[in-house]
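Both complexes shown next keep subunit A, but they swap its partner, so subunit B is in the first and subunit C is in the second.
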Partner chain A sequence: MSGLEWILLLSGVVSGATPILLATLGETLTEKAGFVNLSLDGTVLLSAMVAFMVAFETQNAILGFLAACLVGALVAAVVVLFSLWLGQSQVAVGFVLTLTTRDLAYFLGNPYTRLHGPQFSTFPIPFLSDIPVLGPIFFHHNWMVYAGLALIGFCWAYIYRTPMGLRLRAVGESPKASFARGDNPAKLQWVYALAGGVLVGAAGAAFSLCVKPGWGRPQGAEGTGWIALALVIFGGWHPVRAAAGAYLFSLLQVLGIYFQGWIPSVPAQVFQVAPFPLMILTLLIIAYARKTATQEAARRRLWMKSFLDFFSGTAPSALGKPYRLESF
Partner chain B sequence: MASDPGARMAVELIDIHKEYGPLKANQGISICFAPGYIHGILGENGAGKSTLMKVLAGFTPKTRGLIRIDGSNTEYQTPAEVSRLGIGMLYQEPVDFPVLSVLENFMIGQTRGFWLNRMATQKRFESLCLHLEFSLPPETPVQKLTTGERQQLEIIRLLSLGANVLILDEPTTGISSFQKETLFQALKALAKEGKTLILVSHKLEDIERLCDRVSVLRKGRVTGEMERPFDTETLLKMMFGSVPSPLKPSQTAAGAPLLNMENVSATGDRAGLRGCSVVIREKEVVALAGLEGSGQGVFLRLAAGLKVPTSGAIRLQGEPMAGKDCIAYQNKGVTFLPTSRLEEGLITGLTISEHFALKASHGFRVRWNDAEQQAQARIEQFRIKGKPGMPVESLSGGNQQRLLLSFLPDAPSLLLLEKPTRGLDLESTLWVWEHLYHYREKKTAIVFSSSELEEILMVADRILVFFNGGVIRDIKTAQTDVHDLGRAIAGKA
Partner chain C sequence: MIQRHWKAFGLSLAGVLGFTTAILVLAGAPPLEAYYHLLKGSLGSLNKTGAVLTAWIPLTLCAVGLLYTFRIGLWNIGVEGQMIMGAIFATAVLRWGVESRVPLLYLAAAFPAAALGGGLWAIGAGILKTKGEVHEIFAGLGLNFVAQGILLYLIFGPWKRPGVASMSGTEVFPTDLRLSFLPGLRFSPAGLILAVIALLLTAWMFRHSRFGLVLKAAGSNPIATLLFGERPNRYMLLAMLLAGGFAGIAGCVQVSGVYHRLIPSISSNYGYLALLVVMLSNYNVFVVPVVAFFFTCLNVGSIQLPMMLRIDSSLAGVIQGAWVLVALAAIAWHRRKVRPEKEH
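On to the complex of A and B.
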């Protein structure tokens, strides 16, 4: 493989990762606040469909993008309504919604299949895109890819460097203590659930307006939401590590396409599906890395310890357990 | 109304009622707290002390009554409003964020703006630490601190928020005697500065040592008030209605060796356990003394078969136990009662009857009537304040412990108890030990850990002193006293 091919491959990885990246960051934000939104998979499809539909009807990709974000926030709002206000299980509501929104997307999107609509065009960043190797890999994309890259840093800085981020982590760890410190846990949780929903909606738009333009059945975005949910765990609820996971998954997908060309005797489906079991394998390795026995074995081996430390991360203690005030 | 630090604040509770459904936790309590004093609230478990303090701290709304701050009636709904008024509460179980660092815990609730100003906060944190002679590592996650250190952090945080009234709910539970000393010094200094301090406790000796005046609660009512100097007999009468009779340890000779540990080492806790060689005999009551996390927990879990030693040998009734799991230990009659009642001992969400049904679960059908009858019988036998249909988490700490004791098998060979009387008042403690002593007639050896030196000296035949993961002292109770034991615990053996 030539240098140029490598650059092309990596450039594909960076742009292809954008939808999963956005969904992963969104869910990380939501789960950091102790809230679980399991409706991701269907929401990504529905918002992808809405993004394309609105963009097609108005011939304006920006409007399509905004509509998708709104859809993401609305679905999150339904989970919030049922769990925080009506006291229902976040998991159950999320599951049902993921199925509903998927079917809704296919049903409402039927008239828009296989049409050609507007999409975000490539916008090479001046000067930066001229840098050899790095330029074509990172700075020769459309603006959603740049936004995704910037968002990794923003999420990290927000969560770990601002008072707001500190309160976000606090409510996910202990809503009771958060309440004692003068915050309203339910309010913080719905704010971050909605913010996460906006990003999940943006992930859908990233599919139908950039990565896999247009709408079809299947759309090609199926499974993204589940992978994003797994990546949040993979990343130990840390935005940068979760983002690294998104790029790893994208790399596996792109490599699948290349392998298809190199070994034509293997059916194409194998390479399409391969990233999913590989992802499970990765998750397994990480789960083992966190076991106490492994930790103790690694105590005397410095390289192993730093390797394991990178993967260590624990779920917010109050994840999925909304706080009820003592009101009897 | 914003509080200004250094202001003197008087708090008055007038005819406070708090009802949880049919349960009347507080029935018309009136107390006046004056600035510059340490005011004790004394009472046995379930007397309504914690409820009263939760009402005062705004964590739970009162049913009826008035709260007057500096002479004016005050109403509030949330803890945040209360903390703006200048009242801070230190809860019995720490209400903090275990995963976050000390400094982050300190910051939450008192930082504004867009960027975290770590430098300035750390400076304020360090100056407060210095002022009260606490030493806390700012970057360590709070879960790695001891209970005492978490308390110190909370006190500093409340002061930094401008608290003029400080409520401490059972602050001496679960902390070492040295941390207790540090805490008491700090509290005395704060009272001298004009702060209003409220100390809630069921421990008479803490109240007597520290407080200037005390109000005694019993069954949700104030049964008496007293100023220094205190009269112990009168206070006990106010607390219990009568003076509980002290325990008479029965002196019985130890029997055959039951548990042998030979040069055993293991990881865990803060210090692990290193080179421990101990013999426990039948009928013995052995206390494990030491600072929190010095190896007592590891020792108990090794003896219960819940932990595997990295080196050394364990023998039970002469039989080597290497490679055997905790079921094998259980079959040999080893029973372990951990300290965290709700996490490891009881199942939150299940009722008392359901616990008995679970224990007797054989066959296909649950015999609800039997379970209910058994629950009722044990409730009476163990004097548990509760009903068979009540979920276990709604019982008070003392009653949860009684329930756990009621599950113990009839004739265990070795009873391992981790802080069995943690958080219990004197009457309950005496009751628990009276009950445990009955096991000696069945040749049972009892090994227990405790942070209360008085309790250890009162009930144990033999004391093992742990320091930094090693047993540094193995001594008969008759040959030591509080002073000697205190020095040994600090590693000056």
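On to the complex of A and C.
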């Protein structure tokens, strides 16, 4: 491969990662607050469909984007409503919604199949896009790609460097302590589930308005939500590492297309499975790193320690366990 | 108790009809006509009913398996992958049986092999849970995708049809390696018998066997179970094995009795759908076949919607999902009303 081809490939990786990146950051935010929204896969599809539908009807991509964010927040609201208010399992409701919203997207999107609609156009950032190599890779995209890149830093700074972020982590680690400190755990979970939902909706819009423009059955966004859920874990609930996972996955996807030329018998879909064994491996390492015997062994071996540090991360302690006040 | 369930059932049905009608109106389709076509497309003729039964068999088998894992409190989301693994194991056995003198032997062996394949895949998730502390949802989900990857690899690689590898699947098995159809119908009674046996066996186990009791005990109080001298982890693995085994058999029915080959969509989403069936049945073994029947009627009936009304067949999935959601809400609402003091 020539240098130019590499640059094109990496530029494709950066833009192709945007939807997964947005969904992953959104779910990281939600899970940091101790809430699991399992409805991602369907939500991404439904919001992709709504984004295209609204953009097509109004001929305005921005309105489509906003509508998609609203859809993402609405689906998240249903999960929160069932969990915090009705006391049903987050996992059960999220799972049902994942299937339902996917079918709803196919059903309502049917008249909009294979139409040509508005999409976000490329907007090279002046000066920055002229930098050799880095310019074409990072600064020759549409604004959603830039927003995704900026959001990585924003999420990290918000979660780890602001008082609000501290309260967010507190509610995920110990809702009881958060309550004692004067916060309302349920309210915080509402806020971050909705915020995460908005980002998941944006991920849908990134598909139907940028990466895979238009709507169809299948749209091509199928499976993204599950991959994002896997990447949240792979990233150890840390936004920067989760983002790195999203780019890694995007790289695998692009390379898969290249590999297909070399090994034609293996379909590209086989490579897309990669995040899932990695997710299981990460979870295993997290569990083992917590054991004292492992920690003892790692203390004497530097490579083992750095390996564990790289892969392990801790899940918010109260993840998936809704906190309901006694007085409810 | 029963009366209360029927009340919740009726209420949720009304809620679902209202929601579906609204969706249909939103899509610009005549609701009454859509319902008519759903009914006619599923129960309107003997052939259609045969198609409903054909889909009912794997769905019920998967749902029955899930009853075991739900009973012990496991969220076995991996049924889809377990069904795929069963189909793969069955195909492997049937491929050996091509051109053999005793095809029936291979056909018979395909079923235990499929149960083994599904069971092993489920045990994998179970061991990750009990030994590796990986939550069964993520383990099961991950393994689903891995199974899907293996399936695609086999269809496009080692098991491809001579010369062409395509999404249409592997080569079709000869007639003597298939479950035979009833005369005039595209539907094999052997699968039906298996599903009914699975249902009866499970109902008996839950009601009369010590195993069923311990499953439930371990699900509601693992520590007490441990104190009574039973090991909850072992029962978890056993429940996973059974769930995977039933799902594997469902995969074998798909391969030997429906498609007669291995195809990329061999699981037809039944693994995921079965989770909805069990939730809507409120984990009751006697309600499962009824709900599975309703669900398959919707699936089969919706096939002709695109032709008749130009609306997408995914309407079936919308109705099914909305139904479960409404039922979950009804159950929760009821619980709140009956014993609010127990909430915390």
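Just so we're on the same page, the second predicted complex is superposed on the first by the 286 of 328 C-alpha atoms of A that agree within 3 Å, B and C clash if a C-alpha of one lies under 4 Å from a C-alpha of the other, contacts with A are read in each partner's own complex, and residues count from 1 in each chain.
Convention: a contact is a pair of C-beta atoms (placed from the backbone, for glycine too) under 8 Å apart; a residue touches a chain by one contact, two chains touch by 3 or more.
Every value quoted in this text rests on a predicted model; they were computed, and no experiment measured them.
Of the two partner chains placed by the overlay, only subunit C lies in contact with A:R102; subunit B stays clear of it.
Touch criterion met: A:I233 reaches subunit C, while subunit B stays clear of it. By the document's definition of touching, of the two partners only subunit C reaches A:R217; subunit B does not.
In the superposed pair of complexes, A:P277 makes contact with subunit C only, with no contact to subunit B.
In the superposition on chain A, A:T314 contacts subunit B only, with no contact to subunit C.
Once chain A of one complex is fitted onto chain A of the other, the partner contacts of A:A180 are limited to subunit B, with no touch recorded for subunit C. Of the two partner chains placed around the shared chain by superposition, subunit C is the only one that A:Q269 touches, whereas subunit B remains out of contact.
Considering which of subunit B and subunit C touches more of subunit A, the answer is C. Subunit A uses residues 326, 328 to touch subunit B in one structure and subunit C in the other.
For subunit C in complex with subunit A, the touching residues are 23, 26-27, 75, 77, 128, 132-135, 137-139, 141-146, 148-149, 152-153, 156-157, 160, 165, 272-273, 275-276, 279, 310-312, 314-318, 320-322, 324-325, 328-329, 331-333, 335-336, 343-344.
Residues of subunit A touching subunit C in their complex: 38, 78, 82, 86-88, 91-93, 95-97, 99-104, 106-111, 217, 223, 226, 229-230, 233, 265-267, 269-270, 272-273, 276-277, 279-280, 283-284, 287-288, 324, 326, 328.
Residue ranges of subunit A in contact with subunit B, taken from their complex: 161-164, 166-167, 169-170, 173-174, 176-183, 296, 314, 317, 326-328.
Chain contact summary for the complex, subunit B toward subunit A: residues 20-21, 54, 59-61, 78-80, 83, 91, 95-100, 104, 107-109, 111-116, 267.
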